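When the chains are written out, they are named A, B, C and D in that same order, and each has its own residue count from 1.
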Amino acid sequence: MTDPVPSERLYRKIRFIRRFEERSVDLVAAGEIASGVHPCIGQEAVGVGVCSTLTHDDIVLSSHRGHGHLLAKGCDPARVMAEMCGRVTGIDKGRGGSFHPSDFSANVYNSTGTVGHGCAIAAGIAWSVARSDTPGRVVVSFFGDGAVTQGALLEGFNLAALWQLPVVYVCENNKYATTLPVQTAVAGSITARGAAFGIPSSTVDGQDVEVVRAATAAAVERARSGGGPSLLEFDTYRYHGHHTFELKARLKYRTEAEIARWKRRDPLDIQAARVPADVRERIDADVERELDDVVAFAVGSPKPDPADALEYMYSDGLRPRAGVASNA
Amino acid sequence: MPKLSYLKALNRALGEEMDRDPSVFVLGEDMNFALTNVTAGFLEKYGPERILEMPLTEQGFTNFATGAAMAGRRPVVEFQIPFLLLLVFEQITNQANKFRLMSGGQTSVPVTYVCPAAGWRAAWGAQHSDQPYSMFAHMGVKTVIPATPRDAYGLLVTAIRDDDPVVFFGPIATMGVREDVDYAELRPIPLGKGRIHRPGDDVTVVAVGHLVHDALAVAEDMSGEASIEVFDPRSVYPFDWDGLASSLERTGRLVVLDDSNRSCGMGGEIVATAAEEMRLVAPPRRITRPDGAMVGAAPELDVVLQPTREQLVAAVRKVLKS
Amino acid sequence: MTDPVPSERLYRKIRFIRRFEERSVDLVAAGEIASGVHPCIGQEAVGVGVCSTLTHDDIVLSSHRGHGHLLAKGCDPARVMAEMCGRVTGIDKGRGGSFHPSDFSANVYNSTGTVGHGCAIAAGIAWSVARSDTPGRVVVSFFGDGAVTQGALLEGFNLAALWQLPVVYVCENNKYATTLPVQTAVAGSITARGAAFGIPSSTVDGQDVEVVRAATAAAVERARSGGGPSLLEFDTYRYHGHHTFELKARLKYRTEAEIARWKRRDPLDIQAARVPADVRERIDADVERELDDVVAFAVGSPKPDPADALEYMYSDGLRPRAGVASNA
Amino acid sequence: MPKLSYLKALNRALGEEMDRDPSVFVLGEDMNFALTNVTAGFLEKYGPERILEMPLTEQGFTNFATGAAMAGRRPVVEFQIPFLLLLVFEQITNQANKFRLMSGGQTSVPVTYVCPAAGWRAAWGAQHSDQPYSMFAHMGVKTVIPATPRDAYGLLVTAIRDDDPVVFFGPIATMGVREDVDYAELRPIPLGKGRIHRPGDDVTVVAVGHLVHDALAVAEDMSGEASIEVFDPRSVYPFDWDGLASSLERTGRLVVLDDSNRSCGMGGEIVATAAEEMRLVAPPRRITRPDGAMVGAAPELDVVLQPTREQLVAAVRKVLKS
């Protein structure tokens, strides 16, 4: 943690992401986001706290529930929203979408769709940057509690530990993988998996952004100074369904009481308590204004030209044969 | 007669096999809430010993199913997304499907893999919209992709009863298809037996999966212009080569409509086999996705990468002229 | 451990496997075993000790280094050798070979070629037998130190632990995966991997068959009585190369001194010391006589008929299309 | 001129690229002892930071390579056995190969996957003897399978320099092939450019990988009887369709010799594309492995499952007659 980040800035980020996500849910309903979204509402403190310890040059790998990570890492919100809306002005020109975005301008390299596989991708990036002209960069790989039962993730832990790579593994344990409760999926524990490879591993409150920040700062510092990888398991919770489809399909995998209990430790409320009311009001108003612009930019941007459907497939401009023969 | 949807046909076939044979059980992700609806109502009826909720451990549970099958069970493994079948490709093609031969016939591995979501999902990203059936055919794994509720029912029953691994692809685009059905007349349908949905004299259109419905619509639209025979292989491996040959014996003209990627896809196999071994009076045509297509970005980009009715109309006209 | 197994019987088994392997190396040189073999010489006490605790109905999954497991589990040695020689009288009619045999008559279900993947296959078998008409059976899955870095193996651990399945995982840590030393491949430890899933895990001397037997008996007893899986890591060593190809390619991944040091704790010698010399002499002579018959049977058996190349591919007799069209 | 073996050509190409470009590095199993000999002498020369010994963690290290590539490196990943490419099939085809498109062109993933052991290994069991190249072509991954030392050199150089994932298959059966080579004249060879090894007028024989040498032997043997053009695609994706079309423009007759499984294999793709789009005066033929062949049991069983010269002779006679 180099310079201190004022509580207001953390509050503002959380507020921004909360409202960004709520607006994106609206845009799903309005038909502007064809994929639906996986809202991170309730989990904002993790992304914000983690990314508050990173520099611009540090690298993030995100997941399907990644909007918060991207915004926290410093991506342009308008271009993130445009991406989610499948617009050419999006960070990936509409080719990544809500689920699997990357934004190299903010050093968000990837959000692979294969749950858990970012872990070893992160190891490869970390290995490379540690040996590059600009070492000292740290890679953060975000994943959920569901990912820890994917063997490929554990293969990544082994590689990162063997070579003491500068990676911070951030597991957002929001208690469910889609409908699956973590305790029915994970024998033993999440942190014991890290420990099995000799990776310093701890479970940390994910709802208080200042706690997240402090825990991450230590792990980032260790990585940056050559001390190798860490695993941070953040206890957190998503308020919404896994994906907006749950707004229609009412699944009963958790109780209203459980949701209500978690909302009593709302990351926005926790951080709000540290910010004077008048400052908060100003921030909240700013956020709304900014989001008005974000949405206007996204929705007002052009959709991709169907003629470009195979653009960006290959680096050398190779064009795959069409689905019908040219003489047909 | 009641209307049976494709999805409900899967539910019915699976439930009846569970009733008939206690060795049948289902495993997969989000089973306890029947997220895909294939197993809707099953947890309550059959309990957690026959409806197994699995962690996000596809390779592990695919191997688990192989073991259970060698121990006398008949696992049905559900995969919610087609790429998950790529993730377990080695476990199915190089393990489960080879263990019988490698044991000299001592064991068999009666697992059914069901993907009730094959094909395009708008904007879910390029990793979620593939059609991998051609590669299972390449590796010699029994593979079906029925187009109608009745065929889905009959082929799922057959897949479950089959003593070898069978991959069942249910296209997303067919899940809502409905058909008038007399339940008492639902029957298992053999592997490797195609179906002529509509007889015709001028050209054979082989259509795979959900594209059967497009082929039928085009055949109807063009009925003034051409007599189109619509041939649905239903299982891509084994394939009903005899059925195709006898259709071409009559028509001598072939158009294939296949949602696979072009190169080394099922569409190409059908064209190749016909060119090599069957009667053709005009060059055959196929309509597929492009080579190595990556589908699933913005909807505008995706629709042009999948076979269309307009392409079929043009291809039919072309083969009729040559 | 129901009835006690006399030291002689354990000695005899080890001696048999040792000489069986030495003869198989000769048969490789003689061109009778086309694949070459992965000899288990030096590791015999593990297979023998483990299998001495099992009943006929218990199930074993073996590996590419599996001859010893099969013989210890009670397969007919003549038919095992015939299999290695690719003869129709082999346990798999010549279709499994030395590397990937199974023998259902002795409840050896499998030896998959995909290192580490037997672990979850074993879990599936164990789940099934525990729910069958004949529960109380135990599944033993053998694998090497190389397998523990394969994510699919760890996925299997999770499944076995979640459902407390009757499996004993036996890791033969012979210190190398082909040329790869275990300490450069495995971050943390092997037993910590088991422990991460809540699986009782211990490291045990693999050279003294009576020690192997005692440790396994406890794990088998736990599995049989519904106490769930165990992981036993046996410290052992292979004297030969990974595979007989090393007889030609002299690879320098370990020193002669290291090999010599391990030979000082030879499993055959250790057990020999517990058997009177005259008894041993009788046993040794018996073993040679029996192996003469084994080799004669194997080498004298017919090779498969090429017309049957696609036999056993499918259960329903489906014959795949040939590689040339019948009209071509 | 010195004789260069195929294996040594790989070693030379890789070493020269390592010298030329510090971002190139190699990872794989048994690297420290160069078990396959592709990297013989490299550890001593380049050290452990460029020759990375990997645990038995194929999916992990394939993903690792993807990450390294996105971070500016050019990893070369070695796989000792063809099935290992099935084990990492999802990581290559659904991840590495799609990340460029999914990023809207922001990144590229310049990884080369080298399998210097494609095809049959006698008696290693059915799990070790596959030829999976057709499936990489199906998924749109750049895929090469050169037949000669010179082409192996040139295509490995090109694969490493290419900014996208490329799978390089070296058939086991070619590793010992030797060729007179002037080292100064070794050149990179472009993807998607076939090679006519022997011109001919009567029939085009397309042969893939090690089968090129069989085709050449048959062409020589049959030279009294027929003028055979031997066309080696060298890269199966992209494929030199123009080159094939111009050969067929002259010969009008096609036989394909391909060690893939039959159904949905590269052999079928070549036949299909020719039938659809090119000049053919007689039905084309292909010689392949059987559908879903399982090769690798006893040698007696295996040899009859792989394409033979006798089959080629018969097929050439057949197409010449029709």
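Throughout what follows, contacts are C-beta pairs under 8 Å (C-beta built on N, C-alpha and C of every residue); 3 or more make two chains touch, one makes a residue touch a chain.
Predicted, not measured: the structure shown is a model, and the values here were computed from it.
**Student:** Chains touching chain B and chain C alike, please list them.
**Tutor:** A, D
**Student:** In angstrom, rounded to a whole number, how far apart do the mean CA points of chain B and chain D lie?
**Tutor:** Once rounded, the distance between the two centres reads 30 Å.
**Student:** If you average the CA atoms of chain A and of chain C, how far apart do the two points sit, in angstrom?
**Tutor:** Centre separation, chain A to chain C: 45 Å.
**Student:** Report the inter-chain centroid distance for chain A and chain D in whole angstrom, where each centroid is the mean of the CA atoms.
**Tutor:** One centre to the other, that is 39 Å.
**Student:** Where the CA atoms of chain C average out and where those of chain D average out, how many Å apart are those spots?
**Tutor:** 35
**Student:** Would you pick out the residues of chain A that each touch at least 2 other chains?
**Tutor:** 94-96, 100, 112-114, 149-152, 155, 158, 162, 184-186, 313, 320-321, 325, 328, in rising order.
**Student:** Please output the residue numbers of chain B that touch at least 2 other chains, ranges allowed.
**Tutor:** 55, 57, 59-60, 83, 87, 90, 94-95, 101-102, 125-127, 140, 238, 263, 273, 276-277, 285-286, 291-294, 297 - these are the residues of chain B that touch more than one other chain.
**Student:** Name the shape of the chain contact graph, picking from line, ring, star, complete and other.
**Tutor:** complete
**Student:** Please name which positions on chain D make contact with chain B in the complex.
**Tutor:** 83, 86-87, 89-90, 93-95, 97-98, 101-102, 125-127, 130, 134-135, 137-141, 237, 239, 260-261, 263-269, 271-277, 280, 283-286, 291-294, 297
**Student:** Contact residues on chain B for chain C in the complex?
**Tutor:** 49, 55, 57, 59-73, 75, 90-91, 94-95, 99-108, 110, 140, 142, 162-164, 191-192, 238, 241, 273, 276-277
**Student:** For chain B, which residues are in contact with chain A within the complex?
**Tutor:** 29-30, 32-33, 35, 53, 55-60, 83, 87, 121-128, 262-263, 285-294, 296-307, 311, 314-315, 318
**Student:** Please output the residues of chain C touching chain D within their complex, sorted ascending.
**Tutor:** Going through chain C, the ones touching chain D are 33-35, 86-87, 94-100, 112-116, 146-147, 149-151, 177-180, 184-186, 251-253, 303-306, 308-310, 313, 320-325, 328.
**Student:** Within the complex, which stretch of chain A touches chain C?
**Tutor:** Those in contact with chain C are residues 149-155, 157-158, 161-162, 184-189, 192-193, 195-199.
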